[in-house]
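Letters A, B, C, D and E mark the chains in the order given here, with residues in each chain numbered from 1 onward.
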Amino acid sequence: VAVASSLPAGHKALASPAVRRLARELSVDIHRVPGTGPKGRVFKNDVQAFVSGTVSGAVAAPVVPV
Amino acid sequence: MAKMNMLQAINNALDLAMAKDDGVVCFGEDVGHFGGVFRATSKLQEKYGKARCFNTPLTEQGIAGFANGMAAQGMTPVAEIQFADYIFPAFDQIVNETAKFRYRSGNEFNVGGLVFRTPYGGGIAGGHYHSQSPEAYFAHTPGLKIVVPRNPHQAKGLLLASINCPDPVIFFEPKKLYRASVGEVPEEYYELPIGQAEVMKTGSQVTVLAWGAQMEIVEKAVEMAEAIGISCELIDLRSILPWDVDTVAESVKKTGRLVINHEAPLTGGFAGEIAATIQQRCFLHLESPILRVCGLDTPYPLALEKEYVADHLKTFEAIKASVNF
Amino acid sequence: MTNPNNATISTVHHAEFTSGHALQIPTLRILQDDGTLYEGATAPELDKATALKMYQTMTFIRVLDERMLGAQRQGRISFYMQCLGEEAATVGSAAALDDADMIMAQYREQGALRYRGFTLEQFMNQLFSNEKDLGKGRQMPVHYGSNAIHYMTISSPLGTQIPQAAGYAYAQKLRGLANVTICYFGEGAASEGDFHAGLNMAAVHKAPVLFFCRNNGYAISTPANEQFKGDGIACRGVGYGMKTIRVDGADILAVYQATKMAREYALANNEPVLLESIAYRLGAHSSSDDPSGYRSKEEEELWRKNDPVARFRLFLLQKGWLDDDADKAAIEQLRQDILEALKVAEKVAKPGIEHLISDVYAEPIPELERQLAELKEHIRKYPDAYPITSGRM
Amino acid sequence: MTNPNNATISTVHHAEFTSGHALQIPTLRILQDDGTLYEGATAPELDKATALKMYQTMTFIRVLDERMLGAQRQGRISFYMQCLGEEAATVGSAAALDDADMIMAQYREQGALRYRGFTLEQFMNQLFSNEKDLGKGRQMPVHYGSNAIHYMTISSPLGTQIPQAAGYAYAQKLRGLANVTICYFGEGAASEGDFHAGLNMAAVHKAPVLFFCRNNGYAISTPANEQFKGDGIACRGVGYGMKTIRVDGADILAVYQATKMAREYALANNEPVLLESIAYRLGAHSSSDDPSGYRSKEEEELWRKNDPVARFRLFLLQKGWLDDDADKAAIEQLRQDILEALKVAEKVAKPGIEHLISDVYAEPIPELERQLAELKEHIRKYPDAYPITSGRM
Amino acid sequence: MAKMNMLQAINNALDLAMAKDDGVVCFGEDVGHFGGVFRATSKLQEKYGKARCFNTPLTEQGIAGFANGMAAQGMTPVAEIQFADYIFPAFDQIVNETAKFRYRSGNEFNVGGLVFRTPYGGGIAGGHYHSQSPEAYFAHTPGLKIVVPRNPHQAKGLLLASINCPDPVIFFEPKKLYRASVGEVPEEYYELPIGQAEVMKTGSQVTVLAWGAQMEIVEKAVEMAEAIGISCELIDLRSILPWDVDTVAESVKKTGRLVINHEAPLTGGFAGEIAATIQQRCFLHLESPILRVCGLDTPYPLALEKEYVADHLKTFEAIKASVNF
C-alpha cells in the first residue's frame, strides 16, 4: 500500500459533515487528510487511515483544543 | 371500532364535536343541506339545525371573516373552504387577522376556537385549480397551527384536537384519500396530539419524511428501498406548524440522512424549512445532503400529472442517492 | 352631488329606513314560450343570417353538451359542464357584440365562444387536453380560451375575471379602441369580493364593460335565496352608480336587445353597464354533481318548459326563416360530426414533456431547466412508469 | 320573490335602463348649527345625564385629540389620529347602544370608546405602548381595545372587521344574547371586498349588526368621488336587501336617533341595518399626513363651521343643561388631567421581554421558547445595545 | 449622475418608463394627484395625465385584478400596494391569477407587463401592520418574479428592468430606506439584471447573504467581523424569484460557510429555501451549518423592535459562530 503524505496547509477538504465530526473526535485536521474519493473527497476510512498512521505526518498535527 | 373512509371519519368527528359542544358551528359553500361537495358535513344540518350547519354565500374572504368574528365571540366555528385552491381570497383574513388576533390585542380577544377545513392536493386530474397543496403559504405565519392527516383514524383524532385547540388551526384534508383511504376508526371521541410527528417505522440508514396523502407514496418507496436492503425510518410529520423538530432531528442524528417529500412545488415549499433546520441541528451527523422530492416549480399540470408529481419512484431514487452518496 | 361625501344632499327630519327592497327592477321579456312576441313588445332588428347563426349556435351547444356529458359518463373525458337552459343568455349577448370585443367568461358560456367561431376541433382538443389544445392541455375540460377570437382563457377561481374585465376595458379605452369587454359571471360568483372591486372600479374609472350576471338560481347546491337577500343582482347596480338592466335569460331576443343597447351606451359614454339574466340552470352544476340532493324534480320540470332553444326555434319557424326538416337533419348531422371529432381528438397525443415547464415564464428560468433535465433522466430510468412521455423523448 | 333566482318577477317589454342613481336616500337632520332643531324635527328622548355624558365624551375626545397631536408633534408619541369633525357620529351612535353591545371600529372611533368608559390612563398607556397597555404595547397608537367594555381591538387592515362583525353578531344571536354588534368603517374601507362579503353575509344569515359607515369625504388623499360613483354608501343597502338610513354625522341627535332605531330593529328582527354618517374629516388623515397636498383651505374652512361639538353645546346651553363657565373650567381641567396622565404614562416601562413571544399562541410553542432563550443569551452579551430589556432580565 | 434618495430614484424610474412607453400606467391608493403616501409617484399625474396615473378605490384585490386585466390587454400597469402588509387581500389575484395567467392559457394570454410595487419592512415603529416582509409568501409561486433593491441606484435599475420584464414582477421597496438611503444615480435609462445576485465584497471564510434593507445591517456586521480578522464574502441576493443559486453556491464552495439574514420571521422564510438548496449543492464543502439570522416567529412587534430584529449584532455573532464552529 502506497503511503500518501498529508496535504499542505491551506488545502480545503471535501467531506461530509459526519466525516468532519469523526475527524474532530479523533483530533485530526480534516484538511490535511488525503481523500480517496472523487476529486479527493475524504471518507471516514481516509480519516481512520490517517490516524492509524498509514499516512505520513499524520500524528504530527494534533489539533489544539480552542 | 368501525371501518370508515376519510370522509366518514371527518363527518364523524364533526358530529361528535357538535354533539359535545353547542358552540361548534359548521359552515361554508354548499356545506348545509347538501353536506358539502365532498359530503364531509353530510346530515349535520339535519341533526343540528340550520343555525349550526349552513351554506354561506360564495365568498371565501367572507367565510373567513365571519369565522373570525364568531370565534372572537367565543364560539367554535369549523369553516370549510371548498378547495384549498380557493383559500387565497381568504388569505388576508387568515394571515393578517386570524393569526394575529390574540397577539395584537394583548390577549384581550382571540379566535382560538377556529378551524378551517379544506381539501388539498392532487392526483384527481384536477389541474392547477383543484390540486394545490398550499400549506407552505401559511407556514410562514406565527399564530396559526397547520395539521394534515394521512388516514381516517388520524383525520378524526387530529380534527377533534384541532377543534378543541385554543389556537386557530388550518386542517388540510388530502382529498385524494377521501374515499380511497379506509381504515378502522374508534367510534368514540379521541384526540391525537397537534405538533407531534409520528415515527411509523424505525430504521437505521435514512429518515424519510412526508405528510398527508404523500405518506402512502413514500411508504411504497420505503418498501422498495427495504427490499434492496436499505433500512429506512419513516416519519409522518402530521403538523406543519408547529412542527416536531425534536423527533425529526433525533431520527436524523441516528440515520445521518434525510429525504423529504411533499406535493407542493420545491421552491419555497415546507421541505426547505425542514432541511434548513435539520442541517443546522444535525450538522455533524449528516452523511449525505438532505434531499427534497417535491412537485416541479410550475403550476400543477393536468396532462402530465404522472411526470410532475413527487411519486414513489422519484422518492425511491432519492433514498438510494442519499444512502449511496 | 356636489358635497365632498359624494352623496345626495336632500334632507328629512324624521327618521325612516329606506327599505332593502326600495328598488325593484323589472325583467325585459320579448319572446314568449310559443315563439310569438309579448303584446306591446317589438323584436330587435335582426337579419336572417344573424338570427340563424344565433339559432345554430344554440343548437350546436345543446348537442355538444349532450354528447360530451355522455362522453364524460363513458369515462372518455374527466369532467364536463353544460349550459342547458342558458343558451339564449350567452348566445344572445355574444351576438350583440363586435367580434373584437373581449369576452371574459366564467365557464358556462360555451354559447358565446361558439358564436365567436371556436371550431368543433378546438372544443374537442381542449376537452381532451391534447397537444393541439390552444391551452396546451393545462386546464380541466371547458376551460377554453383563444386570443385570436378575443375569448379570455377561463380561470376556475370565481369572480377573478370581474376586476380584470374592468382593467381590460380601461386599457381598451386608453388604446382608443372602439371595443368593450363583456364579463360573464354567476349569481354565486357575484358574492365574491372581486365582484365588488370590479364593479366599483369600472364605474369610477369609466371603463366600458358589460357585466353580465347569469342568475340561474343556483351556485352548485346553494339556492339564490341563501346567496343574497337583495332583489337579484341587478339592484346592486345603483350601489355603483351604474346603469342596469334585467332580462329574461331564456329569451334570446330580450338578451340580444339589452346587450346591444348596453354595448352602445358603454362605448358612447365609457361607462360600465350591469345586466342580469334571469334563467335556470337546467342541468347539474357539472358532471361531478347530482342536483337531486338539493332540488326537486318538480322544480326542474317546471323550468324545463322554459326552453330558450325551443322558443327561438318556434319564432324562426313562424318567421319562415327555418325549415323544420332541414333543421332536424342538421342536428342529426351535428351529432355525427361531434362523434367524429371526438374520436379524432381523443387519439391526438398529449402535449410534449417540454410543456410541463413552458409558459410558467416567458422563457424557462434556470431552475426549471434543471428540473426538466432531472425529470427526463428519471423517466429514462423508468420508461414504463411514464408511458405518455417516455416514448417521445 | 318566489322564483329560484330570488329576484323581482315584474315584466317590461321595452328595454330601458334602471339609472345608476335611481335611488336617492335623504339625510336625517335634527339639530341645526345654531343649536335649535329644524322645523318639523323632534329631538330624540334623551335625559339630562345621558346628554351630558354624550357632550362630555365629545369634549374629552376633542381635547385629547388636540393634546395628543401636539404630543406627536413633540416626538413624544410616534403617531396619532384625530376624529375632528366626526365626534357626533361616534359618540351619538355609541350612546344609542347597550353597554354589552360589541363595538368593532376602524380606528377613528375614540368617541365610542370613551363613551364606553375607556379611562384616560388606558388611552395613555396604549398611546405610549407601555407595559400597562391592555394590548401589551403591540400596536401603533390609537389601536385601542378592551374586552371588559366590549370594544374589539382595532386592526389596521381596512375592512376586515366588517365580515367579522357579521360573524360576531351571528354568534350573539346563537347565544341568545339581547345584544347587537356595531361595525364602524370609512367610505374608503367600504371599497374593500370584505365590505361586500360582510354585508351580504349579515343579510343572508340574519345577523343583528349595525353597519355604520363614516362617510367623511376622504380616504387619506382620495376624495369620495374617486372612491365610488353611486349615491354615497347608503344606496348599497338595497343591494343587500338591507334597511338603510343616512344621517348628518355632525348632528348628534340625528345620529343617536337613527342608531337607536336601527338597534331596535336589528334586535327585534335579527337583521342588519346600514347607517351612513355624512360628515367631514376636518383634521389630517393622521399625524403622518398633510392635507394641503390634496384639498383646499377654503373647503376645510367651510366645513369647520359645521362643528358637531359646538352645535350640541349650543343645544345644551339653550336647554339650560350646561353652564358655560363650568364647562369652560371643566375643559381646562381636562387639559391639565391629560397632561398629567401623559407624563405618567410616558414613564411607565415598556412591556417585558417575555411579551415578545406571549399571545402568539395561547401557550408559546417550543420553537418560540427556544428563540426567546437564544435572544436573552444574546442580550446578555450586548446589554448596552438593548437597554430597554437588558436591565430587567 | 445625480444624488437621489430611493424615492427619487423610483420616481425617476417611473417617469422614464412612462415617457418611453405610452402603455405604462401607474395607479394605486392615493397614487394620483397626491403622488402616493410616500410620494413615489409624485408629479406623474401632472406630467402624464389622469388617465395614466390615478387613484384607485381602496381595494387591493381590485387593484391587482384591474392590473391583471390591463396587462392581459397588453399594457404595462405599475400598480402600487400602499404597504406590503396590505397585499394579502390581493393574494388570490396575484398567486392564482397573475402567476398562472400565461401557463394556464398555453400562452394565449399573459400579464407579463405587470409590476406590483410595494413598500415593505420594519424599522419605522410601525408594528405588525406596517412592517412585514412578505417576500417568502410569494416565493412559493411559480410564474412570479420577486425583486428587492438595496439602494437608490439598484432601485432605479431593477425597477426599470421589472417594468421591461416579460414576466410579472413584485417589486418590494425597503421603505425604511426611502429617504434614508441616498446615492449617486445615473439620470438616464438603465436596467440591472433580474435573477442575478451581486457579490459586493469578496472574502474567504464565510459567505454572508441578505437583500434589501438588511444589506446595510449585514454590511455593518461584516465590518465588525473583518475587524477581528474574519474574511467575509458579502452577497446581495437582489432577486428572490428566480434566485441566483449559482453565485451563492460558488461562493459557499469557496468559503465553506454561509450566514443568511432576513427581516421576516425565521420559520417558512426564504432563508430556509436558500439553506436547503445550498446544503445540497455545496454539501461536501460545508465547514459549518448554514445559519439563519431572522425575525422571531411572532408578528412584528412595536415596543421591542430592537430586540426582535435580525440586527448587526446577531449577524456578527452568527458569523463568529459559523467560523468558530
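Throughout what follows, contacts are C-beta pairs under 8 Å (C-beta built on N, C-alpha and C of every residue); 3 or more make two chains touch, one makes a residue touch a chain.
Note that the structure is predicted; figures quoted are calculated from it, not measured.
Asker: Applying the touch definition from the top, give me the chains sitting in contact with each of chain A and chain C.
Answerer: Under the touch definition, chain A and chain C have B, E as mutual neighbours.
Asker: Looking across all chain pairs, point out the one with the most C-beta pairs in contact.
Answerer: Chains joined by the most C-beta contact pairs: C-D.
Asker: Which chain's mean C-alpha position is the greatest distance from chain E's?
Answerer: Result for max centroid distance from chain E is chain A.
Asker: From chain B, which chain is the farthest off, judged by mean CA positions?
Answerer: Looking at centroid distances, A is the chain farthest away.
Asker: Taking each chain's centre as the mean position of its Cα atoms, how many Å separate chain B from chain C?
Answerer: Centre separation, chain B to chain C: 35 Å.
Asker: From the mean C-alpha coordinate of chain A to that of chain D, what's the distance rounded to whole Å?
Answerer: So the centre of chain A lies 71 Å away from the centre of chain D.
Asker: Quick check: how many Å separate the C-alpha centres of chain C and chain D?
Answerer: That pair's centroid distance is 42 Å.
Asker: Where in chain C do residues touch two or more other chains at once?
Answerer: Expected reply: 136-139, 143, 155, 157, 191-194, 196-197, 200, 204, 226-228, 360, 367-368.
Asker: If a residue has to touch 2 or more other chains to count, which residues of chain B qualify?
Answerer: Chain B, residues with two or more chain partners: 54, 57, 59, 61-62, 85, 88-89, 92, 96, 100, 103-104, 128-129, 142-143, 267, 283, 286, 288, 297-299, 325.
Asker: Going by the contact rule already set, what residues in chain A reach two or more other chains?
Answerer: Within chain A, residues 16-17, 20 contact more than one other chain.
Asker: Each pair of chains that touch: what are they?
Answerer: Those chain pairs satisfying the definition are A-B, A-E, B-C, B-D, B-E, C-D, C-E, D-E.
Asker: Could you please specify the touching residues of chain C with respect to chain D in the complex?
Answerer: 1, 3-30, 38-42, 187, 191-197, 200, 203-204, 215-218, 223-246, 254, 257-258, 261-262, 265, 273, 276, 278-280, 299, 303
Asker: Under the definition above, what is the set of chain B residues touching chain C in their complex?
Answerer: The touching residues are 29-30, 32-35, 37, 54-55, 57-62, 85-86, 88-89, 125-130, 266-267, 296-299, 301-304, 306-308, 311, 313-314, 317.
Asker: Under the stated contact criterion, what part of chain B meets chain A in this complex?
Answerer: Its residues touching chain A are 256, 283-288, 325.
Asker: Sort out for me which residues of chain C touch chain B in the complex.
Answerer: For chain C paired with chain B, touching residues are 78-79, 129-130, 136-140, 143, 155-159, 188-194, 219-222, 226-228, 288-289, 293-294, 350-351, 353, 355-357, 360, 367-368, 371-372, 375, 378-379, 381-382, 385-386, 388-389.
Asker: Name, in rising order, each residue of chain E that touches chain B in their complex.
Answerer: 61, 85, 88-89, 91-92, 95-96, 99-100, 103-104, 128-129, 136-137, 139-143, 241, 264-265, 267-277, 279-280, 283, 286, 288-292, 297-299, 325
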